[in-house]
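One chain, subunit A, appears in both complexes that follow, with subunit B as partner in the first and subunit C in the second.
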Partner chain A sequence: MTVATHNIDAGSVAYTPPFLLELYRKMVVIREFEDGVKFLFLEGSMPGTIHQCQGQEATAVGVCAALRGDDFITSTFRGHGHALAKGLTVNELLFELFGASTGCCAGKGGSMHVGNMDKGMVPGIAIVAGGVPLAAGMGLAFKMQKSPQIVACFFGDGAVAEGAFHEGINLAAIWNLPVIFVCENNLYGASTRIDKVMKIPVVAERAKSYGIRGQTVDGNDVLKVYEATLHAADECRRGQGPVLLELLTYRRTGHSRRDPCHYQPKDEREQWAMHDPIDRFGKFLVQRGEIDEAGMQVIRTTVISEFNASVAEARRQPMPTVGDLTTDVFAPAAEDRS
Partner chain B sequence: MNRQGIAESLRDGIAEEMERDASVFCMGEDIGVVGGWGGAFTVTLGLEKRFPDRMIDTPIAELGFFGAAVGAAMMGMRPIVDVQYGDFLFLAMDQIVNNAAKMRYMSGGKIKVPMVMRAPIGATGRGSQHAQSMERYFTGVPGIKVVAVSDAYDAKGILKAAVRDDNPVLMFEHKLLYGSKGARAESGAVDATRDIPEEDYTVPLDKAAVRGEGTDLTIIGWLLMLHYASDAREKLAASGVSAEVIDLRSLNPIDYETIGESVRKTGRVVIVEEGPKTGGVSAELAAGITERFGESLRCPIVRVASPDVPVPFTPILENAYRPDVPRIMEACARVMQF
Partner chain C sequence: MRFEMKMPDLATTDSPVRVVRWMAAPGQSVRRGEPLLEVETDKATMDVESVVNGVLTEIVTKLNETASAGELIAVLEVAESAVPVVASTAPASPGASPATAPIAPAPTGKPGGMFARNRQSAQAAAVKIEASGVIPLSVASRTAARRLQESKQTVPHFYLQTSANAEPMIARRAAVAPQKLVWDAFFVLAVAKAIQKFERMAYRFEAEQLVKQDADAVGVAVDIDGELYVVPIAAPAGKTPQQISDELQAAVRGLRDGDPQFKRLRPARVTVSNLGSCNVESFIPIINPPESAILGVGKIMPTPVAKDMSVSVQQRVALTLAVDHRVVSGRYAGDFLSAIVQELELS
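So, the complex of A and B:
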């Protein structure tokens, strides 16, 4: 697996400056959120565990930018970036991580299950590949309802070995469902490198065996991700889905909590660090004259101060009461449906 | 009024619900194949002619299509999924237990998963892997309602109530009670036909039913064992013992109100369950009854269940495995010593 070394270019697509700057800002929001959360976790402010996505910001932002507001995503235990990219606020996400009743899942989901249906995000499915059949079913509903909505289903390279991956993609394929299966291939399932667990190292090649289109994309190039998703989304809306997108990227932090990543070779880490999605896109924007170094610094400073304000708020949020333990298990009896 | 068996009444119930609500659809293996069987036990026979777009035949992929049902249910559809044999639920376990049952809770009460899961169970001459009584694996899973139907009237009414409920409902049916005809007929079948009203009706998902009143002891059973319990009741009556028989119907939640009324009256309890004694539903029932009505008990609760072995094939062993009327009578005699 080689690291993509090309400079980002916009090709023939006519991007507007606000759109490009918003992509950049969103990636910075995710990076600063994750770095800030890591600090809060390590200092003991936050309960539970965390799985973070530093280095993978372009996959979340590129995919979600190509979706419509009422399209859906499914996510995994590593879902903070997906959530922020799909439009969840830093507040509702952070409050959830603090376990507050004002969090996006009322404190009952936590880091691995963040989501908000009103914003098109199913709570994260923390069982590897568990979201793949689910996404197929969501696509089936949209097709049966003749709705133009589509689903983007995020999962990692580790999910490819699960039976659910095979069964879910096959269902979507035989029924031509509007689902983009988005594999964020960051080379490692927890600490295990993909070459130990895959004979075919190119995930997108598996698409052939389901009779669908597969594509491998530089997942650290936010524009390439955006364009590939836009194309796939268009195919899905025209009834030509599903599509398997493989986004090559790299996790610049541990699998979870205090994982120091000793299994990632130093030269590999350094090589990918040279192609960090935010740095690369920043360079592109500067070259295009959309922004300068000072402007980027302003974005970063603003994002950090907004994050810090959210942290201060999060610390003041109400916790659920013990009475909330037993609510939300079942939906109440529906009005008479007969 | 129309005399029907369970397979027929379920078929009508499904068809009526699909007629009433366009979001109801069926998904499963071999359920809608023209010239096929209408599922393993003829329940959906011919429905593909009436609802060609809503009888969805799947690949042999229980994990996949149960997950797809969850996804479709979350998006406003009302899937009825079935497995040909309850034993195959193990393949779908992750989607049932981790997604269907928990999605509402994890989302802080935002998501509804209105889906019906149907599963035929029971030892019926097929050896160990098409024979298990699966109830026990699901009754302890918060977020799923578990029901078991013992006759054609309840089957239709409970199915309809389950379709209209906004939660996942797992419905167990017994292979010897369907009354399937032709090549799908079962040897050893028990008559579970009932007069079915013309008009629409539902049966509550959380209520047990008293099938025969009595004053000396309470026998609790469900599915095939309910019928055996009723046979035992008749035989006991001949020897002057008055047994009350309760059809549990709802395995989760358990209707302790109905059970309590009976236990306070009789003070003696026999529970009959097909399936290994260890870890069975009868264990939960015995504990629950003791906790609630222990002071009314005149003697220890006695369970009649299968030995802790896999279901055997050869008839002599299978008959020894399955609780029968003489063993129920024996248990009743034991409690009547007090």
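So, the complex of A and C:
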């Protein structure tokens, strides 16, 4: 697997400056959130372990920017970036990580299950490939309701060898369901490199065997991700789904905070670090004249101070009580909702 | 202001985390995001980054000591009075990961210097721990303990004792540079050649059948500061005693320096355990699973030998072979041991 080295270009798409700057800001929000949370974990403020996505910001931001507000995503145990990209606030996410009752899942989900149904994100499904059949089911619901909504289902390369992956994609394929299956291929399923567990080198090739379209995209190029998702979403809305998108990216941290990541070769890490999604997009924006170095520094400083304000607030949030144990356990039956 | 650094929650089973290296000394300044110490959890060793910019004033959890998640491990003096999460890392580009350069001066000279430094500090700290009446075991020691217990309890050992004339070996060693040729090399070579004649010794018992041990290697048991390791010598039958000796000494150096490459568990077919240098005359070793046997080597000593109705004194070495009875019979193992003796006595 080679690292994409080309410079980002906008191709023939006419982007507005505010849109481009917002893509950049969102990626910085995710990076600074993850780095900040890392230190909260190290200092002992954050309970549990955490799975972080530094280096993979462009996949979350590129995909979610191409979705409509009422479209849905499903996520994984590594879901902080997906949540922030889909419109969850730093506050509701951070409060959840602190286990506060004001968090996006009332403090009952924690890092591995962040989400907000009102914002189109199913709380993270931490079972590897667990979201794939679920997304197929949601796609079936949208189709039966004749709704224009679609689902983007995030999973990693480790999910591709799971039985649930086959079952979910096959079901979505035979019924032409409006689902974009988004494989964030970061080369490692926990500590196992993909070439040790997959004979073919390209995940997107799997699409052929289901009779659907597959596409491999430079996942560290936020515009390429955005455009590929936009195209796939359009196909899904026209009843030509599902689509399998493979986004090539790299995780700059261990699988979890307890993983020292000794299995990533140093030269491989360095090579990918040269093609960091935020650095690359920043360079593109500077070349296009949308922003300068000082402007980028302002974005970063603002994002950091907003994060720090959230941390201060998070420390004051109420914790769930014993009385909360029985709430949020059952959903109302379908007929009661109307 | 004073900042208390706690042990992060890095273990996977809530077990205590051991400090294996401090990368800064009291009085040194540290930066947020730079590695401050190295720890050993139940699963791996890893660097722990400083969460603040400041000056290290006190190390609470000393080298080799353990601390549970949340326990105070060090005290730092920080300039900011704000909460520690204030991100004032070096103005790296947004994409840059935290610096990974060690804070302490970089090790100089030969490779493995950094590991060696760990080892020295660990030895210095060990004295204090023994005074407390409890010796925390390393991951390697705990693994060895578990495997030895499992072997002794589940492998049906039987033991064969004999001795060999060591004089040809002494002569061969004297002919080369004696200081640089370790005795183990002769025993490794003899065992390797004997396995070629008695192939069943290369098998292990597994799931009600015998399975050939793929790795063509003879192991050598070594003790590195109280921790047991087996160094596998690959394809030893085709090597000279000198080659085997060099390889073994290099591995021991690597282990002593704490180089993780040598700590990896690799299988052998039979292991040689030599306590001759400790004045042990003979002893009964425990098989290192999944191997079929282990050869215990005693010290070479002048021994009276009766021959042709007269007694003379000969340099001899006592050998004890511990064998897995599921793999071979007593007769077969006896012939194997005889073949080892024959190889050793070749002049």
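Everything that follows uses one rule, which is that the second predicted complex is superposed on the first by the 330 of 338 C-alpha atoms of A that agree within 3 Å, B and C clash if a C-alpha of one lies under 4 Å from a C-alpha of the other, contacts with A are read in each partner's own complex, and residues count from 1 in each chain.
Please note the rule applied: a contact is a pair of C-beta atoms (placed from the backbone, for glycine too) under 8 Å apart; a residue touches a chain by one contact, two chains touch by 3 or more.
As the structure is a computational prediction, the values presented were derived from the model and not from experiment.
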item: When subunit B and subunit C are modelled together on subunit A, clash or fit; value: fit
item: Partner chain(s) touched by A:Gln145 [first = subunit B, second = subunit C, both, neither]; value: first
item: First, second, both or neither for A:His113, with subunit B first and subunit C second; value: first
item: Angle at subunit A between subunit B and subunit C, C-alpha centres, nearest 10 degrees; value: 90
item: Partner chain in contact with A:Gln54 - subunit B first, subunit C second, else both or neither; value: second
item: Comparing the two partners subunit B and subunit C, which touches a greater set of residues in subunit A; value: B
item: Which of subunit B and subunit C A:Arg300 touches, first, second, both or neither; value: second
item: Which of subunit B and subunit C A:Gly79 touches, first, second, both or neither; value: neither
item: Which of subunit B and subunit C A:Arg258 touches, first, second, both or neither; value: second
item: First (subunit B), second (subunit C), both or neither touched by A:Asp279; value: second
item: Lowest inter-chain C-alpha distance for subunit C and subunit B in the superposed arrangement, angstrom; value: 22
item: Residues of subunit B touching subunit A in the complex; value: 20-21, 25, 53-54, 56, 58-59, 61, 63-77, 79, 94-95, 98-99, 103-112, 114, 142-143, 145, 164-167, 200, 202
item: Interface residues, subunit A side, partner subunit C - complex; value: 28, 31-32, 35-36, 38-45, 47-49, 54, 252, 257-260, 262, 273, 276-279, 282, 296-297, 300, 304, 307-308, 311-312, 315
item: Subunit A residues touching subunit B - in the complex, by the definition given at the top; value: 72, 103-109, 113, 115-118, 122-123, 125, 127, 130, 132-142, 144-145, 163-164, 166-168, 170-171, 174-175, 327-334, 337-338
item: Residues of subunit C that touch subunit A when the two form their complex; value: 5-6, 8-12, 32-33, 41, 43-49, 51, 69-70, 83-87, 91, 93-98
